[in-house]
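You will see chain A twice below: alongside chain B first, and alongside chain C after that.
Then we have the complex of A and B:
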């Protein structure tokens, strides 16, 4: 059954595969500096284990190694893994409960110290068992892990509490940077403000709000790589700045994605000097009411907000102006575990008849005594698609008489407001790297289990369904549990509302080669495969 | 011009006649003497009426999305076209006038009056109080208005109320400094001494005897402030630090879609830009004319 699931996953991912523009590549050339745009104001911190945002990853990934990763030559297939620091992807032993990795020898950190299995184990220990006061954003992904050990300098052993198909893909988490054990032992939070890895590039400078610079690591263990002499990542949260930078040649690309209008403008004005790669995106907006605040502790009010939104008609219209495309539930629509359209339409917020849906919403608000509900929608100061989705939501809610205003915050304060519960309703996103549906949906678990849940609710029943799903080896039963889990989050409790899945469109100047798109803006970001053909510049 | 013992300024005979004109005659006189100022006043009046009666004259809701009419060019249905959400631009500009006026007038009036009182008090009391006030004003005025406003918004957050606070604070010392210089001269005029001798309180002397005599420069400053405040609000909104979507505001309308569709739907940027330009132009013309009328030196030319 596992192999059937794997085959289904591969099939699904291939079906939603990339529409790539870059073909017929020649031999990579060495040299040059890649300048690219990072669509954010600044990273909230520099610690990959703590954060879950591209604002950090696009600036920091080139400095770090990971244990294993999605194949950078074929990132579209997120079931195809290759080693980074390991020497081979292990087969599990002990009835699927033990994974033993052999670690490369001769790998050095940028300060010259050797990287051993102890560093790998210490980093994973910090991720899975963070000490008090240290945030690990995806900690719950590895709740099945019993221990991580390094019995010798070249071996790391993960022991699980029970066998699960979700474990191995989860180790390809691109945020799981390998840190120096010596540094972690001195100060476990050192990496929040400093950079020191073993990746393809060495840290040169970070100008907060402006740029990140790196230079080639001559001791990089993947021989011949990286091809670039260095890189400059320029922070610019305004889309027009990023588009103009690519248009003028000031920057060669950006990795997150631009909306159709910007892509069309670049193609019209640059012609064959620009290439575009596209892909369905394992990323979607999520709307979260704060249940620590009244009246959002009332399920009727939350359900009314959900019922007011017409996703079926909104998606095709918004896809013309924003990088959103697909209506879906909590699972990436390309996955076999995702709900079908018929299954979705049974859930609140996805009913095919929007008038019936809004009538029910008004009834619920009246019943809850909230006919004149006013709320503040917290949103992130990122144009695409956050601000577009936020503005659309305000209009949708106005149709049931809810008056909403928006509070747009830069990434840092936006995250801080969510973490401290300083909001009524927030537009956030559930963006994942490897398509691993069960773990991808861990975000919806209450905060006691998921540190990135900001809804302020507790639901033991939801946790119980998730636990069953996590340990379920049979695909059909796992899928049925996923439907149960999804229905409880959306339809029964209206805890969080999935709000349109995104679509990636990446422009790159034609002299940039070697980078391939995948379903996530988190994977394949270490820049080691990229090379420049300066002859094509300009 | 001379000063009477009760503190009122005795005007020459011909100016005194002017005081006896009716409002209509005074308006007509102003229009003849300052035709450009009259144009400015009409522009300001139109914008004020537009903002006040937005519900009556706007053809559509300023926030309603219409996906069947996204980025439509100006037409009989949508006179100024629509934006990327299909929202009617004319309606958003009409409602945007209200935001501009609320922020512009409130900031200018509150900042102006606070500056007036502080400036006159500073001149009247002099000494250490004056020294402390002036140094504080020096610090605040060392920052350009928009930088100061940015700092205040960064502290208090975004939204209409905070934008008003952000613009008001830097206006206070600018007004106080000008008013103080006029008030320093008035402080030396004997009627202030006479008022003191009569035992009037400080507040009465400041409010009834000094403030009325610095009204001319104050009113000129006030009109300048309205224009500056409207521009500052537009700048803050453009930078994403002012009012937020979907609130209709001219500066905000220049952000996002206006930039994104500048080449394919330029009307999204042109009309809000035009609204800002016309309003600030109108306020400036009116302010200049007011200065010409109220400033005795310019009046004699």
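Then we have the complex of A and C:
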């Protein structure tokens, strides 16, 4: 079983792994300044612990160290974690409830003060047990943690309430910057407006709303890195600006991802002066019917809507115009916990025979007395890929006689409408950073357990499966539980429909080397591996 | 004259207070929540308590009337508080962006005046000739062309032309440097947006200049001036143009005020970190304090530029100041 799974996993990783245009990279060269575009407005504050936007990471990750991280040399492997400040990834003790990390010695903050285990513990303490009035955006990820201690200057100990496989990957959270304990003790909110880390780059300037600048940290503890003298990250939320900046050479790259049309334009205009790295994205659209509204409280209606959609044929067509590509279930397709194609095809909405699927959908609608169903699809005012997916869904539903209209709203009202239940069916997304399948699928739990679930359903059985999966240490049993959980959400209850996983396409000028694409725009952003070959025709 | 100025200045206050109340109410009518946008727009999960904490942090847990009184008090004491999004003082957020918007607005105004007044005058003087047709076509083109399209086209045009000439595409800098630090870099960044905006601005002013001149040229006093033997240059410059400029000054004043906060699209296209872009971000993020301050700033600019226009009217036309 294990070897078969391993083969399947390797296959999955290969299938979803990076398609890099960069070949023949030799010895990295030192020097140069990387200018890149950040496709968003500036982050709300400068404190990673309280924020959740990728703009924060694209601007600030180069200044900070983290305890551990996704392997920057192979970020596409969803199970490979390496130390940043720790010296080795520990094996848990105490029946999987205690993790003891040894911390590197000789690490300095940018102000010259030494970084010790006390700083690591203080930072994690702030994240997991923030003082009253201090916001920690992902605090509930670590509700399993009982304590964080630094018994000496090189040791940090995490004690858990119960053993769970989700814990270690969660420590690779890219937002979990390590701050100075001395500063936190003086003012726990100091980092909201200031930057002072121990990462590969030192803070130079933040031009509000415009750019972030950093310079090489000569005391960086990963010897020889970073290769760059500095970087300039320019905030530009308009795609046309970013594309033209890369086209004209004003910027070398961006890290989030451009749609196929923009990538094609750049390749046509620049030829071999631009490379493109691609990867499946740990973000996918999710379609959620509102079960507080009739007739969406009827599982037959929900199932009919799911059965009408032809994901297998829709994906290749949509991938030509939108940044979606891979058909998958609730787990990121590159993960060992993800469903195989054969497993998926047993679930409603993934049947290989679309005609049979739609015939069943029509039958269910008739049985539910909803042959002339009309619905309003709430969608977000974001082109890629929300509006493309929404428009496609409207067409798919028309094939079973459902008349759907789209209500496209800006982010604020869209979120508000979901929270207040002011919708029939909504196109939303499940977007995560480090691939941590059990935590990533927490979203599908009913609202009583997941604040970002807007389906309006309650399902104690689903919660029970999740709880078992959360504390299951054996991979095979955990995978089997994940299949049960997925089947209940999609096939049995049709509570939510995973609707195509996104696809990252990152353009970089050909003189940029060293950066490797991963499944998330949140990870591998410290820029320490990047080097420039200015002599190359860029 | 002093009485006239005092009357106009006093009218400013109720206008500002009315605008303050209106913007406060309208912002709260828009569905959405800044804390939700902040924590939930990435699509990932967040702690449910974080929303309540976020509300408490930025004062949204207070009763509406308390929030309104705090806003009004802040307005009268020139303290707009801190941005709900960035936590930075609103004054800092605005002052950081004001120079580039002001610079583009001033450059566009200069371009507009340099184009509009001479061409509008010539067009009126050469009415129904080919010169008039060309000028009117230019003017209609300026009004009809969306500035975002013109902006994108101008960027692409510059890229293609420079690529064809030198083999390397050139684009204006995308990060702002103040004019006193690097004038060439600053102007190379500002000239394209200024031309893009100035063209539309010139088109509006050109049409106004032309029609005002045509009207004035038919007045009795122009006929009298010509009849008493004044040379045409003096008739046009001293008698016709000065009177025709009254409505043109109004248009220029209003357009200038509009440009300070209204370069929304142009600033997006050229990635200018100006007031217009800040406005869009503030509304999108549902940052009440920043949006309120920006609206009040825009209202104040409109009110004061109208005041200046009214005072210029009085200076240009004695009938107004002595009325």
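Simple rule for what comes next: the second predicted complex is superposed on the first by the 318 of 538 C-alpha atoms of A that agree within 3 Å, B and C clash if a C-alpha of one lies under 4 Å from a C-alpha of the other, contacts with A are read in each partner's own complex, and residues count from 1 in each chain.
Note that in this section a residue touches a chain if its C-beta (ideal position, glycine included) is under 8 Å from a C-beta of that chain, and two chains touch if they have at least 3 such contacts.
Note that the structure is a prediction, hence the values are computed from the model and not measured.
Once the two complexes are overlaid on the shared chain, A:240 sits against chain B and chain C alike. Shared-chain residue A:82: touches no atom of chain B or chain C.
By the touch criterion defined above, A:196 reaches neither chain B nor chain C. When the shared chain is aligned, chain B comes close enough to touch A:390, but chain C does not.
Of the two partner chains placed by the overlay, only chain C lies in contact with A:135; chain B stays clear of it.
In the superposition on chain A, contact of A:204 is made with neither chain B nor chain C.
Of the two partner chains placed by the overlay, neither chain B nor chain C lies in contact with A:463. The wider contact with chain A, measured as residues touched, comes from C rather than the other of chain B and chain C. Residue contacts after overlaying the shared chain place A:157 against neither chain B nor chain C. When the two complexes are laid over each other on chain A, chain A has residues 238, 240 in contact with both chain B and chain C.
Residues of chain A touching chain C in their complex: 41-42, 44-45, 51-54, 133-141, 192-193, 207-211, 232, 234-238, 240-241, 244-245, 247-251, 283, 410-413, 415-417, 419, 428-433, 439, 442-443, 450-452.
By the touch criterion stated above, chain A contacts chain B in their complex at residues 238-240, 243, 259, 261-262, 265, 313-314, 317, 320-321, 381, 383, 387, 390-392, 394-395, 398, 405-408. By the touch rule above, chain B contacts chain A in their complex via residues 63-65, 67, 70, 84-85, 157-159, 240, 244-247, 256-257, 259-264. Residues 30-34, 36-51, 53-54, 56-57, 85-88, 92-93, 96-97, 152, 155-156, 159, 168-171, 173-176, 268-271, 273, 277-278, 281, 284-286 of chain C are the ones touching chain A in the complex.
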